[in-house]
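Heads up, there are several structures right after this.
Look at the two complexes coming up: subunit A is in both, with subunit B in one and subunit C in the other.
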Partner chain A sequence: MFDLLPHLLNGLVLGLLLALIALGFMLIIGLMEQINLAHGSLFALGAYFALMLTGPKPPLPPDAAAFWLQIPLGWRYALALVIAPCLAGIVGIAVEVCMRRTYGKDPLYGLLLTFGVALVLEELIRLTWGTRDHVLPVPSGMSGAFIFQDLIWSTYRFYAAGMAAIVIGLVWLLIEKTPYGAMIKAGAHDSEMVRALGVNLSKLRLGVFVLGTMLAAFAGIIVAPIWGIRPHMGVDAVVPAFLIIVLGGVGSFWGAVIASLLVGLAVGVSGAYASEWSLLSMYLLLVAIVSFRARGLFGKKSMLEV
Partner chain B sequence: MKKHGKPALGVPRRTILKGSLMTASLAGVGAFYGPWHHNRAFAQGKKPIKLGLTNDSSGQFGNSGQDEHRAIRMVIDEWNAKGGVLGRKIEWVTADTESSPAAGTRVAERFITREDCPILIGALHSGVANAITQVANKYGTIFLNTNSSAPSEAGENCSRIKFVWDGNGTNFSKAAVANAVKTIGKNWLLLTNDYVWGHSTAAATKALIEANGGKIIDNLLVPQNTRDFTSYLLKIQQIKPQVIGTAIAGDDNKALREQITQLKLDRPGGPAWINNQQDWPDVWGSPQSLFGVFGTSWYHKLNLPGVPEFVKKWQDANKDGPIPVPGNVSYNGYMATQELFRAIERAGSTNNIAIIKALEGHKMSAKDRMQHFDAYIDPDTHQVQQTIYLARKNEKPVDNTDHFEILSWTEPKDVMDDAAPTKCKLVPHDKVPSVDA
Partner chain C sequence: MTGTASDARLITPTMLGAWLVLATVPLWISTIGLYPYIGVEILIWSIYALAFNLLLGTSGLPSFGHGAFFGIGAYAFGLTQFNVAANLWVALAGAMLAGALAGLLVGLFIAHRRGIYFALLTIAFGQIFWTISVKWHSVTGGEDGLLNIVRLPVNLGIASFDITDNERLYYFVLAAFAVVVVLMWRLVNSPYGRILSAIRQSEVRTAHLGYNVWAYKLSAIVISAAFSGLAGGLFAMAQRSAFPDVMNLAQSGLVVMMTLVGGGLVSFWGPVIGVIVFLIARDVIGAMTTGWMLYFGTMFVLLVLFRPEGIAGGFKLLVERWKARGTAPEALSSEPRSG
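And now, the complex of A and B:
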């Protein structure tokens, strides 16, 4: 049993990180009923913006850059956690404005549009930052090893899992415990009624999309020190995010979180005991669950099924 | 008045339809499957020779692919500056093979059939190299595998039209394994990238370990593009092997090295690491996480004649490049392309068979190759048999590019892949479709 425990713990940590990655995707697909295939590129953009702010070459005039670099890495990293998602949010505004013409139409239009946006963003990343890999610098207190009995663990993974848990909690509070959350859910359920009650639906959708974008960017920053930063890192994010949403059920917050934990456990445990099955295990899990529950674990009928 | 279904020639329409269908089917099958023996003659005379550069510019080997691309272009520029090859200028086209066999097939097919390239140069990912070989075989197009080091490339996947320029996994394992079993320990764990290079390198390493009295405790297969190695590192901590032999390549290797360093598993008291080969672009991307003993075919600070001049020349040609000094990857790209041009000049022809014959068995002096021992192109496998170096992290660097401490250099005969000649079956020259550039 002791042999299994570290792998279970590793699976849970991985699951929390996957939940963080899937959160923004879940918000947009669940509340706006739009499949945002640009989610991965926005995730990557967050990591690149953070790299720009924490790396040795900030895009500032020489004097300002010298001042910025004098700030301790810990503070620059903390600022990057706020500023980078905001910068990505601006990109999110532009994407949402483009998406408006697809609302209320066949979901395929939105899907194709966001697929195109993903390609454009990835190429822009290549043009701006090049094709090589980068490492996101993190404060020394967060990196290094954590030793428990015979096992050595990465300290950063605990930090990342903690941040993921906090963000999951905050998003849940927003959706379930605030009037904004109620409006968002109502807007997804019956947009005509919400509009009739005087809510500006365009602003509401814009807000949800920007929030989803910022969550994607935030996840990118948190995951970057583990995965590394590279132009196509978005693909590594959007595939499990999509899988988790289908597995958990479209529109279900807890469905997404539980599905993330299941995927994390499947990948973590199979990685240790049958490593060649580790990536395949999440797809096998999907096949197993969707075979019995076509709408996923907690899914309800969605407009996407029409 | 003609009857319906019976045309003027008196042949029933059904028969015509059947015949048309069969003809169309045959034509279709013919177009799809053959003829296998293509004989191609591109516009010759003083027209430029057009090379297809099949470099992985993105994906797992993107950094290395771009590095070899720079070196290949450098040779082309040098030869063009002195009048070209056989008085003909050299042109090139390139497309990203994306570290993906499917892309490799697509690019090779396009370069040969649409761009009329008689020669293809460039490979990192062994799956891509094999995919390009399949296409090049069909048309008799010469293919220089510059940097893919799977033993299978000069073994079961060898080809009369392909020449392999890098040391392979077996060469590097032979240089390192016997000594490691004797001096470090017998209990080994293998960490293997789950594709052709990883598998063939691990198989060669396993055979050498067992031949030297060692034991494989486990072989953990790592899917390509793995970024989070935590479950593997936890498993390693639980199994506690004495030595870990890795065959992880490209960006995967970089991520693995960083995570091992972060966990301090590279420190004394932990397992010893024998990392099959470290490509310079991967090292440059993360020099702080270099550890263990690893192989290479060249280093820019080798104390040999010609090395400083080559480094200076490379730097002048690549002022804006992301890596300030050449490494093994660009070295192999440079040497392969240079030897190709020399072979064309020796052959006095751009006919593929003549070039192949000029390359087979060709000897290259240590001085010319800036290595410790003479090298040659094995006529039985088409692999360049060359000096193999073992290195580790340099704790006393003389500058910020001096990351390796070279530990040993081994003669080609001592690291030969003995199994390759029995696995490699080259077709006779006259069975290769002829191509005139």
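And now, the complex of A and C:
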């Protein structure tokens, strides 16, 4: 039994990271009823922007670049955590403006649109940064490993899981405890009534989409040191994200979080017995649960079921 | 075609014209700067896209994991050839059967779903099959793929033709394409196909008319998967190998893109047009720039935004405008969708 502990812990960490990845996707699907397949590309974009800011060659004029490189890595990393999601957010604005034309139509159009956007973004990433793998530098305090119970643990994983937990908490506070959250939820529930009450719905949607984009980019930065940075990383992120949403139920915040932890634990524990096949466990989990609970664990009826 | 009166003819003038043009392709394709193999690719992907469109265009079921059936057909073609009999017909039947069985398995889980949930579950199943194909080394060869698949001779009983040469292979695939076109055309225009169209427009109403919607959807998934498997088998033969790549999410998305770009939602021939445009664009733009997906992706985004009926839809619009000269032009509205 004790042998399983490291796998359980790894699974838990993975679950928190998956929850962080799925968070932005969940906001957009739950509150706007749009499936954002470009989520993965925006996730990748966040990681690449952070690489641009912390790596050895920032895209700045020579003087500014020299000045920037003088700043200690820790500060640059911290700034990248803020700036990179903002840059991705600008891309998000562009995507949302395109997406407006698909509101009110079959949600399939939004899905197809964002699939096209994902292809374009991935190709842009390839053209800009090349196809090879990159490593995101992290401050030395976070890298490295420590020994606990005769096992080696990577420090960064725990830092990443902690960050994920904090961001999940913040997003929950935003949705549940602020008037903005109330407006967002109301907008998803009955958009006409919200508009009649004088809320600018298109601004609200833009806001939600940009927030979702920024969360994707943030997740990209946090996860990048573990998964590595490569053009394909977007697909590796968007598939678990959508899977978690279906599993947890569309529109349920805690459903998504619990589903992430379940998936993380399933992958972690199955990794203990058959590491080759551990990825398969999440798909099987999905099929098993969704066969019995059509809307996932905590799903409510949504627009997407028409 | 969909939405208008059904066409009961077995062979239409459009079909004959298309076959005739396609039959002359090897004579002139090299002179316009393309290589002959692209013709084989176009025909195989056309079979695949036509099969796929039975779900998307006819039944309104968006499958984003269709690459799984294509890939399973490819592997089944190779495995039947190695383990059962090195006979073309047996291997192709194996590919179709494997596709159909996979379709049945997936269909049992998803046939009662529709819309986005259907799409999401097909992604999950696509990923399951893709993962298996990558990880099950002893059977599929893992990432390296299944190699040394041979182009088996076409044995017609009285005579046997060798199709290892690309040009001969082209004519064999063209024959297969012709058969699939006739079968699909008949299927779509049969009473069965009309019910699938009815399901696309409103599942609830079709159910209230007394049709067993679930069984119709399941059978459509199985048929579509079987023909996708056939296309996969032909592809494995053309490539002389089978790889997991064709099963991944991006490749499954490509067939959706091709079908929509061509106009599969409004026209029987839409998927074929889409495949031709896509593959030729890939070769022509790909020869000029490394980032061809950038241009094609942008084109696709614009298409979804402004002309979701695709090329065939745009063409129909032009024809209608031409016919309606003088009178006020009337815009062609996109097909009403379910719900």
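Definition applied: the second predicted complex is superposed on the first by the 306 of 306 C-alpha atoms of A that agree within 3 Å, B and C clash if a C-alpha of one lies under 4 Å from a C-alpha of the other, contacts with A are read in each partner's own complex, and residues count from 1 in each chain.
By definition in this document, contacts are C-beta pairs under 8 Å (C-beta built on N, C-alpha and C of every residue); 3 or more make two chains touch, one makes a residue touch a chain.
Treat the numbers as computed from the prediction; the structure is a model and nothing was measured.
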Does the subunit A-based superposition show subunit B and subunit C clashing or fitting? clash
Which superposed partner A:107 touches (first subunit B, second subunit C, both, neither): second
Check the residue A:60 against both partner chains and state whether it touches subunit B (first), subunit C (second), both, or neither. neither
Once the structures are superposed on A, label A:115 by its partner contacts, choosing first (subunit B), second (subunit C), both or neither. second
Should A:276 be classified as contacting the first partner (subunit B), the second (subunit C), both, or neither? both
Figure out whether A:154 sits in contact with subunit B (first) or subunit C (second), or with both, or with neither. first
Just subunit B (first), just subunit C (second), both, or neither: which does A:123 touch? second
Is A:236 touching the first partner subunit B, the second partner subunit C, both, or neither of them? first
Once chain A of both complexes is superposed, is A:290 in touch with subunit B (first), subunit C (second), both, or neither? second
Clash check vs subunit B: of 148-156, 256-264 or 274-282 in subunit C, the offending stretch is 148-156
Subunit C-contacting residues of subunit A that also contact subunit B: 126, 276, 279
The answer for subunit C against subunit A in the complex is residues 62, 109, 113-117, 119-121, 123-125, 127-128, 131-132, 135, 248-250, 253, 256-257, 260, 290-291, 293-294, 296-298, 300-301, 304-305, 308, 337-339
Residues on subunit A engaged by subunit B in the complex (per definition of touch): 3, 6-7, 10, 13-14, 126, 130-133, 135, 143-145, 150-154, 156-157, 226-228, 230-232, 236, 267-269, 271-272, 275-276, 278-279
Complex interface listing, subunit A residues touching subunit C: 35, 98, 101-102, 106-109, 111-113, 115-117, 119-120, 122-124, 126-127, 235, 239, 242-243, 246, 276-277, 279-280, 283-284, 286-287, 290-291, 294, 304-306
With touch defined as at the start, can you tell me which subunit B residues reach subunit A in the complex? 57-59, 62-63, 66, 194, 220-223, 225-228, 230-232, 234-235, 237-238, 251, 254-255, 258-259, 262-265, 285-286, 322
